[in-house]
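As written, the chain order gives the labels A, B, C, D, E and F, with residue 1 at the start of each chain.
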Amino acid sequence: MSAVQVVVAVPRETREHERRVALVPAAVGKLTGLAGLQVRVEPGAGAAAGFDDAGYAKVGATVSGEALDEAQLLVGVQPPTPEQVKRLAEGAVTISYLPTGAELPLVRALRDTGRTSFAMELVPRISRAQGMDALSSQAMVAGYRAALIAAERLPRFFPLLMTAAGTVPPARVLVLGAGVAGLQAIATARRLGALVSAYDVRAAAAEEVRSVGADFVELDLPPLEGTGGYAREAGAERAARQRELLAPHVAAADALITTAAVPGRPAPLLVTEEMVAAMKPGSVVIDLAAESGGNVAGARPGEAIDVGGVMVWGGRNVPSQLPGQASALYATNVANLVQLLVVDGALAPDLSDEVLAGCCVTHAGEVRHAPTRELLEKEGG
Amino acid sequence: MTGDSGTALAYLLVAVCFIVALKGLSSPRTARVGNAVGAAGAVLAVVVILLVERPDRLLAVLAAMVVGGAVGAVAARRVVMTAMPQMVAVFNGVGGAAGATIAALEMVEGTPDTGRLAVAAFTVLIGAVAFSGSMVAFARLQELMSGRPLIYPGARWVFGLALAATVAAGVWLPWGGPTWLVGALVGLSLGLGVLFVLPVGGADVPIVISLLNAFSGITVAASGYVLENTLLIVAGTLVGASGTLLTRLMAKAMGRPVTNILFGAFAGGSTLGGGAETDRPVRSASAEDVAILLGYARKVIMAPGYGLAVAQAQHALRDLAGELERRGIEVSYAIHPVAGRMPGHMNVLLAEADVPYDKLKEMDSVNPEFKTADVALVVGANDVVNPAARSAPGSPIYGMPILAADEAKSIVFLKRSLRPGFAGIENELLHDPKTTLLFGDAKDSLGKLVTSVKSL
Amino acid sequence: MDGVALLTVFVLAAFVGYEVISKVSSTLHTPLMSGSNAISGIVLVGTVIIASVAESAVAVTLALVAVALASVNLVGGFLVTDRMLQMFRRRS
Amino acid sequence: MSAVQVVVAVPRETREHERRVALVPAAVGKLTGLAGLQVRVEPGAGAAAGFDDAGYAKVGATVSGEALDEAQLLVGVQPPTPEQVKRLAEGAVTISYLPTGAELPLVRALRDTGRTSFAMELVPRISRAQGMDALSSQAMVAGYRAALIAAERLPRFFPLLMTAAGTVPPARVLVLGAGVAGLQAIATARRLGALVSAYDVRAAAAEEVRSVGADFVELDLPPLEGTGGYAREAGAERAARQRELLAPHVAAADALITTAAVPGRPAPLLVTEEMVAAMKPGSVVIDLAAESGGNVAGARPGEAIDVGGVMVWGGRNVPSQLPGQASALYATNVANLVQLLVVDGALAPDLSDEVLAGCCVTHAGEVRHAPTRELLEKEGG
Amino acid sequence: MTGDSGTALAYLLVAVCFIVALKGLSSPRTARVGNAVGAAGAVLAVVVILLVERPDRLLAVLAAMVVGGAVGAVAARRVVMTAMPQMVAVFNGVGGAAGATIAALEMVEGTPDTGRLAVAAFTVLIGAVAFSGSMVAFARLQELMSGRPLIYPGARWVFGLALAATVAAGVWLPWGGPTWLVGALVGLSLGLGVLFVLPVGGADVPIVISLLNAFSGITVAASGYVLENTLLIVAGTLVGASGTLLTRLMAKAMGRPVTNILFGAFAGGSTLGGGAETDRPVRSASAEDVAILLGYARKVIMAPGYGLAVAQAQHALRDLAGELERRGIEVSYAIHPVAGRMPGHMNVLLAEADVPYDKLKEMDSVNPEFKTADVALVVGANDVVNPAARSAPGSPIYGMPILAADEAKSIVFLKRSLRPGFAGIENELLHDPKTTLLFGDAKDSLGKLVTSVKSL
Amino acid sequence: MDGVALLTVFVLAAFVGYEVISKVSSTLHTPLMSGSNAISGIVLVGTVIIASVAESAVAVTLALVAVALASVNLVGGFLVTDRMLQMFRRRS
């Protein structure tokens, strides 16, 4: 290890309910091997995800309580604390989820200490950046879990079974929001034999839903296409109309899984309390968007509440339910991003690259992400 | 009498019609049109011969034609479907007789050279054999005669002698044999035909008819040679060649060489005593046959069972259903509640193969449908369609409701053998006259069916 | 027509017959047999010729019988084949 | 309703953890309609399974606290209490599960009061009796649940997924005991995309396992065929050898599901504590046989315990987890059996019928089930 | 000179050999043997003509044959694979010339009647057209001449006039035309052939060659008529009939009627200016072609993408793989990490179709394999095999690792159109000379491929 | 041989050619074209006959040229077809 090696620090995640870790040993090995970096890991960083310190040591990482001190690159799952940021080296770079709207103080700290910070959720959804796309990789975990939890909580069979003791009809599953998580939920529920239908506002969604074998619910509403492949927020009137048209579909469903989101905005309210109440007793609602406002009225993150006999399960850090594999996927995303940052063994982010430009929040004392900058300016810097 | 070139051209056209007819007959899609083209050709030929050639004795000829045609037409209209094969035998026989008569008359009254005389003798021989053989075949199919092969001590010597005598007469004739020999040749040949067909087993008679059909084709071709008529040559050869091939194909479909079928009985009477094979007869068929049954049905109900699971043939079954549906055939799946080896076994399999749920019918709702189904396709199932459940008190399945597959117009089983299913009891339905068996692993069989249905 | 020419015709016709029939499904065997049998009824043409040229009364009678037999074959053959083929009619 | 109508009573199940009910409204309708019986239901009998009293009333049942009094036919899920038996009419008939070995006092009471009793678990496993085969219908529920719980509890994906963030390998599921429950568990795990293998001692099992698409583990041990399609108990030596041969397969599994049983005997011990300990941390073990002794050492019914990082989940009344549909299936089985008992509107069990003879425990003051009779004789009457 | 009947029989045998040869050539399995049988027939014919018939001027004839044979053999051995079509054109042309020469000499020196003279004139016409047309075709394929259709003002009038003059000469000759007319006829016919082929577009030249091939077959048949030689009649007719059918089949494979190909250019020069179609040429093929490519490969790698999911063709893909494996072909699936529209999309689909996990290869492990693959079958994928990811900085996929499908010996795309995929950028690989496109919904195309591979 | 007989031969041969070629895959079009072209090289037989009966020197020369041309067609045709067909060889 020469003195000029870039030091990458992996903190132990401290936020509640976070069981993932930003780099798993395999990813550490990839970075030290390919990019020639030095990796330092806080003790117990991978414990909750099933990776012990010895595993990190074996691939050449230093396990140390001072891992963050003077590190040039911090890679985390959740955003670092302002205190952690201060411990880093001058001009250090951070990579993590960074929901800027909710983390304005942190953004200020990053800007004011001259850190360069990248937000994983801002990686553009373009083909070449898919290897760094943590939103996708974690949404896949969440979608799979959503379907599985629905199947496990529903006091009925998912599949159709014709038996000597009578026929068990298949469960009806409705998925609202057919992005990455929604599609995975559809596919998983279909595997289990449920009758699955789905709705989404994007124009491409119908074909995508059918491409995983489910029925698309045609509502005869105009599509809501945003930028970068995302959806746009619906006006109040259209939202209400959509709820109205969806009501009978919701009422007919045994299990409802919602995943709708619009980037940078609270999750759209797709299902009202009345719509839940109209479902059969014993039905199950899984709201993956519960943390960001909820698609379902009354859903509470991390809780399963009973609404007139219907169980409403609100997701909270769902990927942490499969912490090992979710971490492995996230770590690959991070490692791919790190490889983009490191040129000839040195940290040299090329901010003219579309991908880095897209996900860079602060750099050289400036906030580069326009919406965040505007937010800060509104709040008075 | 060799017509002018206009007539010859017309005859050529008739020959072309016949070729087109045979072409058409080789696929169910075009068979009827083909037959019609052939008939049109025949009409053209008759018109030419009567109006253009204007034979002597026109009225007598016309009368003979009208009588013969009327007999043929009435017979063809009246015959019941199941008697078709013997009808074909009769038609074939009279055709052979006509050819033989031509040659005999030409020998007696004409002035042919040696070569032509030889061919004429050959024509008489083969035509007479076709005639008498066909008549015996007819008698046996019509049950005017026992269906069992008739074997007597020394049968092969008798046949051998008769053959030798006939051939001798046939050879002597052209090289200066006396005219009465013609009569002897006719008599000997007729006898030969009888001796030829008598020892053939009842089930093999259709193959013999096909062979005799080829014979009468050759008779026609040979008489064409005698009369120097290309149309007869071409038409006769067509029939002779296709009949020969057809005989081979039919024997192949029965899994036996032609010679074994024809001369098996001479080989020591071994087929005489053995009644075991007809003890519990089943009808097995090739994938092509089953494909035609399916491909020309209106409504097919699939009844899958444990064998589908063993063969992991669920994807193949769905493929077949898709192929049938593409042909506009109504297809559904009858799911017996205990099919397979675990509750919902068929559901798991068919869901894996992406069969839409609405195609799966519960037993109670599908059972009334079988009556209107053209084919019940039983894929690796056995107990769940075994009528013993209704009729055999004391059997381990007595009283169990079963799929009413036996009510379908025809039933096809895809299984590997005649072995019973889980309950270990025989299935009468396998021996039903409406039932056809396609032996083999269900996945293989279904694969073949898909291919064959596609090529219909 | 010389012998070899007739032989050529024969060989070619045999090829045509063989080519056309090969690969036929066994379910069509019966109608095919019957259809080709009908074609051999064209021997009628030959019988008419013979009836026309026959000299003795016996010969004429025999020839006329042959005409009738061949007519049975020709007419009956095509009709019976058609009946069999009705089973294969395709619904629309 | 004429006076001679047979009265069928449905008790509210009182045993702990039992959420099923012996007749669901649909089955009630079938009996009153087809067999012309009168059905009386205890209040709240179907509540835990999601069937309210009104639903029973609607199909013509009488909902009453005195349902059992003087009833000629009692149909329950769990065995009745001796007190309940006393309330029935003279010569009454009972249908329920009746594990005679564990219920000798009840059997005595049934015998001594001259009741005719039928045990659902003794219905012969022959084709024509499948409609009455509650073991099958409930095992199907249990097998489905077992696979689903394994999938939900395992902190890994079941399916293989090749993604931009790396490949998620499929989970390996091992099923021991491939009877009705085992096959259903296999099928369900396979649907979810796991790599499934299974083992069973019966000779037919290999083909059956393959018929649901899984690999059969060949151990090169002779099959253990019992009577009636059941397995036979293994001798100690063979059992030990089987465990030894299975050990590497168990160690390689991410999820282990056991369902092995031998009728009338405690469940065979297939997996020792050492074998569990050799599994990877985070693995899951589902023991459906926990209640009857357990296939897995240390499994406790109704509990999920941690054995060195491996979760061992012991089943307890697993069908009650899908109480509505399990009840519906059970009710169909019961109704089919009742129809066999009732001839021209009167209870007239024909005990020469192979099915009834097989499952009749007591009749006319005698114990008809030979093993039970022997047990009772051994205990001195 | 009409040989005795032994010779005639030998010729008949030769004709049978030729029929067998053509039969064999219609399937890849039997083609080589068939060709050998044809060659054997040809040798027999030569032996008979030289040894049995013993023509005058035997030595000169022998010498001419040796020279011609040597030239043919050397040319056939030397020619590079890509020049095969022009070689065939040359051979065809010289054959036509030979036939025309026979007829011309017979007209000048023989004493034929009017009918035979008419046929001879026809032979000269058609043989000469076959010759000169083939030569022009050769020149264009060999790039001795521009590949573009040559159109000049009034082209159709010139062609029409030449045709009329030629036909007039041909008609006059038998009805008493002077001998010098033979020369005129030859000249006119040669010119006609040139005029006939010049305006045909470069890509259509192979179809014209096929038509000229049929012409030379007819020439041979007609010269057989002139010489009263049945062998020539049969062989020539065989070639004429099969060549005519072949021409139609080829035109159909290109989706255009024959007349349009031949005379399109006369119809106003519309194909002259339009360079658009050759702008970004792609090669599309029929399912049968692709089936042969696949069925005779050693190793096939499937690269599925979003289109597979849209078409829900996973079962069909598995069926095809199964069919190929049954033929002993190594098949695997290359799964690109972002194929489809959700992570693991291909896994979900292929698991549903029961594709064993060990057949799925990750990109990194399969990429080195493409080099040794005979066919990369890209099923509804686009971006994930787009070489722009390697070569086009600035494209939205630049830098993304892709499946190295372009390294396979040949690439087949199953897609519906030339539309791009998710990233919205063109795919150079579609225009690669190694690439073949099979247009259509992936499920339909795969279904057809399964059927076609089965019938290989 | 009379004209109609030759016509019959012609028609039958045409049928054979048509039957045999129908339903050929387009990948075989080129070898098939080349193979049938080779067959038409049998015109060699005709050229030899003509060379044998030719009278004038010009005619003899022309006929011999025709012999040579036909030989090119016959020999080259079969050989080049064989080369093409090697591509379709099946591994064992």
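Brief remarks on what is shown
The working rule: a contact is a pair of C-beta atoms (placed from the backbone, for glycine too) under 8 Å apart; a residue touches a chain by one contact, two chains touch by 3 or more.
Being a predicted model, the structure only gives us computed values, none of them experimental.
Annotation of chain A and chain C: jointly contacted by B, E, touch as defined at the top. Considering every other chain in turn, the ones in contact with both chain C and chain E prove to be B, F.
Number of steps on the shortest path from chain D to chain F, with steps defined by chain touch: 2.
Taking E-F and B-F together, the pair of chains sharing more C-beta contacts is E-F.
In terms of the distance between Cα centroids, chain D is separated most widely from F.
Ranking every chain by how far its Cα centroid lies from the centroid of chain A, the top place goes to C. Chain B maps onto chain E through a rotation of 180 degrees [Cα fit, steps of 5, range 0 to 180].
For this pair, chain A with chain D, the centres built from the Cα atoms lie 41 Å apart. Centre-to-centre, using mean CA coordinates, chain A is 72 Å away from chain F. Between chain A and chain E the centroid-to-centroid distance comes to 56 Å (mean Cα coordinates, whole Å).
Measuring from the averaged C-alpha position of chain A to that of chain B gives a distance of 69 Å.
Under the contact definition stated at the top, the residues of chain B that touch 2 or more other chains are 15, 19, 23, 230, 234, 312, 337-338, 343-344, 348, 351-352, 354. Among all residues of chain F, those that touch two or more other chains are 1-3, 5, 8-9, 12-13, 15-16, 19-20. Shared interface positions of chain D, defined as residues touching 2 or more other chains, are 130-131, 136-137, 140, 159, 161, 163-166, 168, 191, 193, 213.
The full set of touching chain pairs reads A-B, A-D, A-E, B-C, B-D, B-E, B-F, C-E, C-F, D-E, E-F. If you check the complex, the residues on chain B that touch chain C are 1, 11, 14-15, 18-19, 21-23, 25-29, 31-32, 34-36, 38-39, 42, 45-46, 49-50, 53, 55-57, 60-61, 63-73, 75-77, 79, 81, 84-85, 87-88, 90-92, 94-95, 97-99, 101-102, 104-106, 108-110, 115, 206, 209-210, 213, 216-217, 219-221, 223-225, 227-243, 245-246, 249-250, 253, 285-286, 288-289, 291-293, 296, 298, 328, 452.
Every residue of chain E that touches chain C in the complex is listed here, in rising order: 5, 8-9, 12, 15-16, 19, 23, 230, 234. Across the complex, chain A is touched by residues 335, 337-338, 343-344, 346-348, 351, 354, 357, 360, 362 of chain B.
Considering their complex, residues 1, 3, 6, 9-10, 13-18, 20-56, 59-60, 62-91 of chain C touch chain B. Interface residues of chain D facing chain E in the complex, by the touch rule stated above, are 159-168, 170, 193, 195, 213.
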